[in-house]
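One chain, chain A, links the two complexes that follow: it is found with chain B in the first and with chain C in the second.
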Partner chain A sequence: MSERSSIGPVEALRLAFTEPIALAAGVSLPTWELAYETYGTLNAARSNAVLICHALSGHHHVAGYYADEPKNLGWWDNLIGPGKPLDTNRFFVVGVNNLGGCHGSTGPCSNHPGTGQPWGADFPVVTVNDWVKAQARLADVLGIDAWAAVVGGSLGGMQALQWTIDLPERVRHALVIAAAPRLTAENIAFNDVARQAILTDPEFHDGHFYRHGVRPTRGLRLARMLGHITYLSDDQMAEKFGRKRRPEAGHFGYGVEFEIESYLHYQGDKFAGYFDANTYLLMTRALDYFDPAETHGGDLAAALAAARAKFLVVAFSTDWRFSPARSREIVNALLKNKHAVSYAEITSPHGHDAFLMDDAHYHAVLAAYLRNVQI
Partner chain B sequence: MSERSSIGPVEALRLAFTEPIALAAGVSLPTWELAYETYGTLNAARSNAVLICHALSGHHHVAGYYADEPKNLGWWDNLIGPGKPLDTNRFFVVGVNNLGGCHGSTGPCSNHPGTGQPWGADFPVVTVNDWVKAQARLADVLGIDAWAAVVGGSLGGMQALQWTIDLPERVRHALVIAAAPRLTAENIAFNDVARQAILTDPEFHDGHFYRHGVRPTRGLRLARMLGHITYLSDDQMAEKFGRKRRPEAGHFGYGVEFEIESYLHYQGDKFAGYFDANTYLLMTRALDYFDPAETHGGDLAAALAAARAKFLVVAFSTDWRFSPARSREIVNALLKNKHAVSYAEITSPHGHDAFLMDDAHYHAVLAAYLRNVQI
Partner chain C sequence: MSHALKRPDFDVIASWMKAGETVLDLGCGEGELLQLLAARGVRGWGIELDPGLMLAAVENGVNVIQSDLDAGLAGFEENAFDHVVLSRTLQTVRHTQQILAEMLRVGREAVVSFPNFAFWKNRMAVLNGHMPVSDDLPYQWYDTPNVRFFTMLDFEGLCEGMGVDIRDRQVLDERGAIVTEEHNFLGSLAVYRIGRGN
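Then we have the complex of A and B:
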């Protein structure tokens, strides 16, 4: 096995598209941009390209670091690099910030071409199908006819799944990790509370807070705190925080007394400091809407009938946001179609967040699968 | 079996205490009041009294209705009445609003005797031990030396458990339903998000919103919406709401589109319209602090060693707020002490809320247990 090392310094790229893109919401963006990064080298046959799809709060900076920000590691740097499970000595890896994002791609923070002001809440709600469409346009420009693999966790896994349905001839392998074929009522309920926290923040200003020089940080903070509860497992929270008190904490008040409160506030404050509230709304709505079976009378197997990819589906034992049972729904629908599918249920204490972690078993499964991907 | 019927019209009572009560927070209330109701008749031996302890948002109106509000049924009316599982032909039942509540007992909405203004956030955080102490003072006045039973669900069940520890000679049976011996980190995390929603609502005004003529309804609404997610089971939400859309709903926006959103908003709005935000903070903190094992080095069995009551512990299969495993912790600690304990794990789709439901198996278990309570 080759030595594992970081891909090193990487560069954020941006591509401007001048052909309009028609979105599911019925709106067409006449011009639009995608922020992306690439790692490794596209081979002559253009057969070694791997697309990484991000989850709710992710972006295109997936691996390596920026020369002037050596500590700003990509969010999946533990997975992607020379000698790593997704080996950049072998694969040409593409990270992309989705349409509607807030990390460089066209989204609510971008200026509306008509007004010169940020789109804000007028930016259309974007769907997983829209993202696949936009990512395909990026593939066109990069000269990639078919991805060797499309890989994603959580909402990213949903995009990998949607690729195999919408553009079956353009994806040879789909790695669908910690995902679900659709949200449950409970999943939607959590998203709803998060959205309501943002929408009812007086500084949201109907999504046009930019022009007021404020940001709905209270709502965004609550949304992220709530999100974190669903990303972690009960067991892991118990082990990591339990009922531990802050040594300096007061008592009989409503300040931070328990370690878990301190953790949530830290995570919430950090996130609220940089993330865009309209993007958060949009990403959670995309999650709500994702339901490839819907147009097939609720039959996921029928929705996946035309897929031609081979699949690796991965779930984590303590993930209660998208439990292993949800991944098995995908596996069963694939098996009904006699599609090639490998399924791994990883024992991990890390809940939904496990898909981001450097777990030996998990990474070994991905490495083994990817070694067998022909390029 | 006698016919089951409503206890009929009932009256809300109020008792003023002029002997101070010293609270765990180190504050003493010189004068204080408890709102309560009673159903049935105290027998000559004063041996048939049952105390009902309420949960987070409950109160003293447990059964029957008010003559001028025939639709305002008590929250446990399905359980309590003539011929019902908790039979008022046999028992004298007492409902009480806890100290710190917002339904008539002294709490944050009450006027501070020194200022004549509402206590607001200056009202001390009250603990489960404080409630037991206050309820005991009510028992003194009513001439009840020992309760035939103390009964409660959720936070109410914690009070029943605490009674057996703090005043073992004054409770003969404890019915501890859908409870836990302490909150987990995840439980505290949900409470924290709910509190933060209230505390960061600009109309909270550091807990003194009364004097500003406003109420932090946005925060309270979010807190209640989140609470409801934890009260229901995933399965029940899936069955009741699933991914059903509102027929009149728009699409590609952030309004109410899914039925589950409509349900949560309705529940949130209703609650925010009447409940006091400071009471909500206080009740959730009482939940966080509840941990009878804490003063016994974390050993729940040691905490329960001095209890003399007999116990019925009830849990519900789909309750993920306080799962059956949490009830079994209580049962195991009781068994270690060779205390008499019956345990029932009820198969129910209703999650934590099941303790409020008219489930035949559940009510049969309570009825059977209570029939054997000597009076």
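Then we have the complex of A and C:
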């Protein structure tokens, strides 16, 4: 194997689509754009393309860095690059920002073609099916008939799963990591609290805050703080923060006193500084709606009957947002169909966030699986 | 952990399966049996708990589900597979009857191979005052994963008691050669094909 190294400087690309896309919400976007990046080289047979689907707050900058921002590493840079588990010497990797996102693809903060003003709350709610449809249009333009693999963690894993159902002939392998076949009431409840934080922020202005020159940062911050709690494990929080106090903290007040508070505030502030509130609402709603079994009487195996892909399903021992038991639901539905599937349950202290971590065993499983993907 | 020698019981197991059939291999290790079966057109899935072995099975390109056999086969449907295999593992499972019943629920039939504690050299070892150690029983008493010690006669008695139908049996000596007589005395490793009795 070649030495592990960074893919190096990369460039964000943007593609404008002039054919409309019909969305599940019943509306159609006449023109729309997707921001994306590619790493490695598409081979002559066009058989080595891998799509990376992002999660709630992700985007198309998956690996490498920008020449003018050397510290802005892609969010899955530890996985993707020359000699890395998803080896760009072998694969042509595509990262895409989903429709409704806030990193360059058409979304609530894009200008509405009719008014020239940001869409804001008028941007349609999009679903995982819509994303698959949009990603397929990108594949058409890139000349990719079938992905060697579609890979995603969390909400990204749900997109990988949806690909195998909606466009079974166009995906040969699906790597479904830290995902679930549908959200539980508890999952939806967390999403609702996050949304309420945003919706009730006085600076939200019914989703049209752009025209008021403000942003609902308080709501976004709370939403992210809550989300962050669900991404970590109890054990990891205990180990990292425990009951440790800030040295300068006061006492018998309500300021930042415990280290965990400081950490959550930092994460919330950072996120609220760049993320779009309407995109956050939309992404969490897409999560809520995801349920491929719904149109098959709740039978996930029936939904997956049409799939032709081979699967690797990965879960993490301390992930309680989408626990290993949820991944096993996917595995059991695949087994019921006699689909090719492997399942790894990685022992990790990092909770749901583990899918982003550079864990040797986890990455070894992905690397081993990907080496057997024929191109 | 890899087997330096070819596993003679694998040839016996493979001879009982046809191309196009499906198999679930419990405790599949690095997936060698599944690889052998795949080359013969049998579609297989393995279950393996050990992370290192599970990784090796992925490297070997077989389907492997990381799961604990002691938790049973609850996620699997009835008659999901043509065959369910438990090779050289029954003696390590605490709930013997439960796993046999589960195998015959999930599989149309099951294959079980295990070291025969009544093999003459094992009997000699005990007569000489020691627990047996051999190629088929490669562990010392203090580090063995084996928790159930039984003979071919014992196994056949259990099958009768459970109403399990013995459909085929092959017995191998230490070198992997087929034993044709005095099986419970000359056999070091026993391989059974079993099904639900009428």
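The definition used in the following text is that the second predicted complex is superposed on the first by the 375 of 375 C-alpha atoms of A that agree within 3 Å, B and C clash if a C-alpha of one lies under 4 Å from a C-alpha of the other, contacts with A are read in each partner's own complex, and residues count from 1 in each chain.
As a working rule, a contact is a pair of C-beta atoms (placed from the backbone, for glycine too) under 8 Å apart; a residue touches a chain by one contact, two chains touch by 3 or more.
Bear in mind the structure is a predicted one, so any value in this text is a computation, not a measurement.
Touch counts on chain A: comparing chain C and chain B, the chain ahead is B.
In the superposition on chain A, contact of A:306 is made with neither chain B nor chain C.
In the superposition on chain A, contact is made by A:344 with chain C only, not with chain B. Once the two complexes are laid over each other on the shared chain, residue contacts for A:22 go to neither chain B nor chain C. Once chain A of one complex is fitted onto chain A of the other, the partner contacts of A:331 are limited to chain C, with no touch recorded for chain B. Shared-chain residue A:183: touches chain B; no touch with chain C. In the superposed pair of complexes, A:125 makes contact with chain B only, with no contact to chain C. Touching chain A in their complex are the following residues of chain B: 24-26, 121, 124-125, 182-186, 188-190, 192-193, 195-197, 199-202, 218, 221-222, 225-226, 228-229, 232, 234, 237-238, 240-243, 252-254, 257-261, 264-265, 268, 281, 285, 288, 291. Note for the complex: chain A touches chain C at residues 312, 328, 331-332, 335-336, 338, 340-347, 361, 364-365, 368-369, 371-372. Taken together, the chain C residues at the contact with chain A in this complex read 22, 43, 45, 51, 54-55, 57-59, 61-67, 75-77, 80.
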